[in-house]
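Both of the next two complexes hold subunit A, though its partner changes from subunit B to subunit C.
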Partner chain A sequence: MFELTLQALFSGLLAGGYYATVAVGLALVFGTMRVINLAHGELVLLAAYVAYAAETTYGVNPVMAIPVALVIVGAASAIVYALLSRIHQDREINSLILTFGLGIILTNAILSIWKADIHSTSDPWFQDSMVVADTLFAMNAEVASFVGGLVLMAGVWWWLNHSWQGRAVRALSSNRAAATLMGVNPRRIEILSFLTAALLATFAGFAIYTGKTVFPALGHVLTVKAFIITVLAGMGSIPGVLVGAVMIGVIESLTVTYLSASLQELAGMVLFLVVLFVSPSGLFGGGRALAR
Partner chain B sequence: MKRMLANLVTVSTLALSVALGAGAAQAKDFLLGSELPLTGSLARVGQGMHEGISVAVEMANRSYAGKHSFKVQTIDDETSPAKGVAAVEKLAGDGVVAITGGYGSNIIGPASEAAQKAGLVYITSGGVSPELTQRGYPTFFRINNTDGYALAMIGLLQDMGARKVSIVYLNKDATSSLAKQVNGALTAKGVTVGMHEFDGSTSDFKPLMNKVKLQDRPDAIAMVGYENDYVGILRAAKVLKPQVKAMVGVWSLATAQMAKEFPDLMETVYGTSMLPYPVEFTHPEAVEFAATYKKLFNKDPDYLGQFGYVQTRLLIDAVVRADEAGTLSKGGLPDELRKTDANTLIGRVTFDKNGDNLNFTHRMGQHQGGKVVLVWPQDAANGKMNFPAVPW
Partner chain C sequence: MSNSLLNRLLLVAALAVAYVGVPLLFGGNAYVLGLIVAALTIAGVAVAWALLGNLGGMVSFGHAAFFGVGSYTSAVLAMKLGVPVFAAMLLGGVGAALSSIAMLPALRLRGPYFALAILAYAHIFQILATEMTPVTGGAGGLLSIPRFPKILGFDFGEKLGGYLIVLTIVVLAAFAYDAIRRSTWGLALKAMHDTEVATRVVGVPSTHLKAAMLVLSAFITGVVGAFNAHFISFLDPDYAFSSGWTVLPIAAAIFGGYRTVWGPVVGALAIYLVDQLLFKPILPHGHQMVLGVLLCAMILFSPGGLMPALRRRPVKESRHAHA
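Up next, the complex of A and B:
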C-alpha cells in the first residue's frame, strides 16, 4: 500500500508539472490581456508536430527541433495576437470566439499536413525508465520535462518580477491605463507576452511529443485542461498554475490508485469546483494576480 | 435477294440499337452515402475506413463497367453523435441509396437510428457494441461484432494457459462490452480476472499499472482500448516491468502503422488482425484489393481498409441485385442484403434478422521483428507464437 501511495504521489507530481507547462502560457496571456486564448492547446500541439517532422524528416533529436518549433509557434502566436488586437468591442467574448475558431483552423491544418495517425518520439532514451530508490518509477522524458518546465517557469517568474519588461507586463495586467501613462507601450508588452507564451507552448509541445503521444484532436483537450488549471490557480497567477496543476495531478493519480482510473477526470473537476466554492477567485486569485 | 439482305441488315441494326438502347437505359448511377469521423478523436480510424470504402467503389466501378457506376458522398461527423445524425439526414435528403461507414458505437447508435427513420440501409464495421444489433432495426447491418473479438482474445489467453489475467479497458460502450464478455468467459473457465476501467482522458497509466503489478500479479495483461491507450499502457508497463508473460490487445494494435511508429514498444505484443504484415494475399479479389489500395493510397492495406471495403462491396452488390429485381426503389435493399452469403476478405458473411454477422471470428497477430505474424487460431497462423515474451 505504501509503495502504491508513493508511486501515485510521484506520478501525480510529474503529471502536475506537465499540466503546469501546458497551462502557464495561457495564464500569462490572460494576465496581460484579459484574453483566454482558446488556441493555446493547438499552439502546443503545433510545436509537438514540428518536433515530429524534424525527427522523422531530418532524423534530428527532438531537442534540436526546439529552436525551429519556437520560430514557427512564435509566428503563429504573433498572428493570433495580430488578429486579437483588431478586436475593439466586447473583447473578452469576441476573443473567445476568435481564438476558438483559430484553434479549429490549426487542428485541421495539422490534420491535413500530418494526417490523423498518432505519433511520438522514436528516440528510446526518452522512454527509458528512471527508478528512484527501487520504488518510484518514471520515464526519462517525464523527469526531464518536469525539471525543464520548473526551470522555465522559474525563469518566467523571475522575468516578471525582476526585469523592466516583466514589471511592465505586471503593470499592464494591474492597470492598463496607468501603465500606459507611465510610458509602457501596451502593444509591445502584449506581443511580448504572446511570444513568451509561445516559448512556453513550444516547450510543452516538446514535453508532450517525448513523453506522451500526439494526434490532431489533442489540442482542444490541452486547452480545456489549461483553462481549468488557470481558473483554479486564480486567473493570471503563475505560481498558482504550478500549485493548481500539481494538485490536479496528484488527486487524479490517487483516484486511479485507490478508486478507479475512469473517475480521475471527475476527481479533478470536483477539486476544481471545491476550490472555486471556497475561494471563488482561485487559489492565488483576487484581482490582478500575475506573478504572485 | 438484295432487298431481303438489306431488310435483314436494317432489322438487325434496329434490333441491336433497341437492345443497346435498352441496356443503356438500365445502366444506372448509384450514389452511396458515408458518414465517418474524418476529424476529431476518431479521425485516424475514420480515415482508414474511408480508404477501404473508396477502394470498394473503385473496384465496383471496374467490375460493373458499362452496366452501372457508383459514387460515394462522404460527410465528416467530426467524432460527434449529433453530427453523425445530421450527416445521415443530409445524405438522406441528397438521395443516397444507402449508407456505409460509421465509427464508434456511441455515434453509430443515433446515426443508424436516423437512417432507420429515413428508411435507409446503414452498414458498418465500426461499432461492435451488442446493443446496436439488439435494437432489431431492419435497416441496420454489421459485418463484425464483440463476439468475434472476444473469442479471439479468450482463445489466445487460454492457449497460453494464463491463470490470472488483468483486463485494462476503456470505459466506452464497445470496449466495456468486450472487456465484460472476456471477463465472464475467463471467469467461467476458472481464470482469476482483475478488471481495471479507465477514462479516455487518461494519459499516464503508471498508477494503474502499478496496481496491476503489485496487487493483481497476473500472467497476462489484456488491453481493450485504442492506439493512444495501448501506447500509454505499454509505456507504463515498460517502466514498471510487471512480471507478466504476455501483453494482449484487440483492434488497432497488431497493425503495420503501430509496428512502424512504435517498434520498441510493440515487439511481442498481440492484437486482433485479419492480415499478417507484410500483407500476404492469394485470393484474386484480395490481390486486386491490395493492388487498388496501393494505387490509390500508396501504402499496404490495413484492417480498417479491409473492413470498409468488405461492408461497402457487399452493399454495392446488394444494391445491384435489388435494382435488377426491381425492388430497390420499393425498399427491397434490406431484404436483398439479408440474402447475402459471401466469402469475403474477413471470412464468410451472412446476416441474421438483426443484421449481425454471426460468422465473424477474428484472428490474433503478434508483433515480431517489425512484422505482424498471425498466431491464432492454429489453422490461420503463418508463424509461431513467441511466448512468454514482453516488450521490455
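Up next, the complex of A and C:
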C-alpha cells in the first residue's frame, strides 16, 4: 500500500514536469499580451504530431524531429500572434474567440491529416522502464522529459530574470505603459514571448509523444489543464507554476491509483473549483490576482 | 420610428413564414424538416449564448454542459419517473439552471478567466454523466427516450411537431432576450459593460444581474437540450456534452452578430445548413475546421457580425462616390 502511494506520488511528480512546460508557455503569453491563448494546447499537439510524422514516415528518432517541430510550431505561434495583434475592438472577448477558432482549425487540421487514432512512439528505448529506487519505476521517456523540462524552465527562468529581454518581458507584464516609455518595444517583446511559448510547447509535445499518447482532442484538454495550473499558481512565477503543475500531476495519479482512471481529469478540476471558492487569487496569493 | 415599424412588420412576416409557410412547403419532406429542426436547435443555444455574452458580458465556452444536463435531466425524469414529456422538458431547463448555480463562484472571475472556468465545468459534467451509470446509463447512453405526445390528434413526436416546438422555444427565447435588453435590467447590464465599477457605485447589484443572466441562459440551453433528447430519442454522454454544442452556437452567434436579437438565429440557420449541405460532404473528417476559419474571419474583419458588415458596405461606397 505504501509502495503504491509512493509510486503514485513519483509518477505524479514526473507528469507535473511536462504539465508545467505547457502552463509556463500559456502564462508567459498571458503576461505580455493579457490574452489567454486557447490554441496553446493545440500548438503542443502539433509538435507531438510532427514527431509522430517524422518517426512513422521518415523513420527518424523523435528527438531528431524537435528542430523541425520547433520551426513549425514557432511559425504557427507567430501566425497566432500576427492575427491577435490585428484585434483592437473589445480585445478581451474577441481575442479569446479568435484563439478558440484557431484551436478548432488546428485540431481539425490534425484530425483530417492524421485521423482520430491514438498514437505513441514506437521507439522501444522511450518505453523501457527504469528502476529509480527499490520499488520506484518510470519509463525512460518520462524521466528524460522531466529532466529536460526542468532544464528548459530553469533556462527560461534565468532568461526572464537576468537578460535584458527577459526583464523587458516582465516589465511589459507588470506595467505596459511604463515599460513602453522606458524604451521597450512592446511588439518585439510580445512576439518574443510567443516564440518562447512555442519552444516550451514543442518540448512538451515531444514529451507527450514519447511518454504518453496523443490524439486530436488532446489539445483542448491541455489548454484547460494549463489554465487550471496557472490559476492554482496565481499567474505568478515559474516556480509557482511548477508547484501547481506537480500538485495536479500528483492528485491525478493518486486518483488513478486509488479510484478510477476515468476520474483522472475530474480530480484536477475539483481542486480548481475548491481553490476558486476559497482563494480566487491562487493558492500562493502571489503574482497578479485573477479575480477582483 | 418608421424604421422600428418596418422591423416589426418584417418580424411578423418572418414569423408567418416560419409558422405557416415552412410547414406548407416542407411538411412532407422529412429530410429538409430534420435539417431545419437541427439548425433551430443550434439557434436556441446560440440565442442563449448571445444573451449571456452580450447582456452579461461573459463569453462561455461551456454551453455544452447546460445542453447535456438539460437533456439528461429531462430524459431521466421522463423515463424513470414517468413525468409527462412537455413538463420534463421544462424541468430539464430547471436542471440546467440549477447546474449553473454551481458555476456562480466563477462569476468572481473576470472575462477570460470566466470563459475558461466554464470550459472546465463542461468537462466535469461530461465525466459525471459517464460515471453515474445507474442514472444515466453511462457511456452506453439512454435508448428509446419517450417522444413528444399526441395532443388533440396532432402528433408532436413527428418531424413537423418537433419543428413547431423548437421554433416556439427559439422565438420565446429571442423575445425574452429582447424584453430584457429593453428593461432597466438591460440598461444596467449595458452600463456594466462600459464600466463595471461605476455601475456598482450607483447601487446596481452587478453580480446578481450577471448571475441572473447566467441562470437564464442555462435554462434556455437546458430546454433546448431537453427538446433535442426527446426529438431524437437517444442520448449518450459524448453526444449530449459534445463540444459541437458549444462550437456551432458560438460560430452562429458571432456570424449573425451576437449583439442583435435575431442575429444568432439567422447565423445558426445559415451556418448549420451550409456546414451540413456543403462542407460535410467535401470534408467528412474535420469539417468543423471551416467553422474555425469562419469564426476567425468574422472576428478579424467584422466582429459585429454579418448584419453590420452588410449594412456598412453601402456607406463606404457612397463615401467613395463623394470623394
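Just so we're on the same page, the second predicted complex is superposed on the first by the 270 of 292 C-alpha atoms of A that agree within 3 Å, B and C clash if a C-alpha of one lies under 4 Å from a C-alpha of the other, contacts with A are read in each partner's own complex, and residues count from 1 in each chain.
Following the convention adopted for this analysis, a contact is a pair of C-beta atoms (placed from the backbone, for glycine too) under 8 Å apart; a residue touches a chain by one contact, two chains touch by 3 or more.
Treat the numbers as computed from the prediction; the structure is a model and nothing was measured.
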Where does A:M139 make contact in the superposed view: on subunit B (first), on subunit C (second), on both, or on neither? first
Is A:I93 touching the first partner subunit B, the second partner subunit C, both, or neither of them? second
Which partner does A:E265 contact after superposing on A: first (subunit B), second (subunit C), both, neither? both
If we overlay the two complexes on their shared chain A, which of subunit B and subunit C does A:A8 touch? Say first, second, both or neither. first
Considering only the touch criterion stated at the top, classify A:V231 as touching first (subunit B), second (subunit C), both, or neither. second
Quick check on the superposed pair: does A:L276 touch subunit B, subunit C, both, or neither? Answer first, second, both or neither. second
After the superposition on A, what does A:A109 contact: first (subunit B), second (subunit C), both or neither? second
Just to be sure I read the superposition right, which of the two partners does A:W159 touch: subunit B = first, subunit C = second, or both, or neither? neither
Is A:D117 touching anything from subunit B or subunit C once the two structures are fitted on A? First, second, both or neither. first
Set intersection of subunit A contacts, subunit C complex versus subunit B complex: 107-108, 111, 115-116, 221, 260, 262-263, 265
Residues of subunit B that touch subunit A when the two form their complex: 38-41, 43-44, 46-47, 79, 171, 196-199, 201-208, 210-211, 214-215, 227-228, 231-232, 235, 238-241, 257, 261-265
Residue numbers of subunit A touching subunit C in their complex, please. 35-36, 38, 83, 86-87, 89-90, 92-94, 96-98, 100-105, 107-109, 111-112, 115-116, 220-221, 224, 227-228, 231, 260, 262-263, 265-266, 269-270, 272-273, 276-277, 280, 290-292
Subunit A-facing residues of subunit C, complex: 53, 57, 59, 61, 105-106, 108-113, 115-117, 119-121, 123-124, 127-128, 130-131, 243, 247, 250, 254, 283, 285-289, 291-296, 299-300, 303
Can you list the subunit A residues touching subunit B in their complex? 3-4, 7-8, 11-12, 14-15, 107-108, 111, 115-120, 122, 124, 127, 129, 137-139, 212-213, 215-217, 221, 253-254, 256-257, 260-265
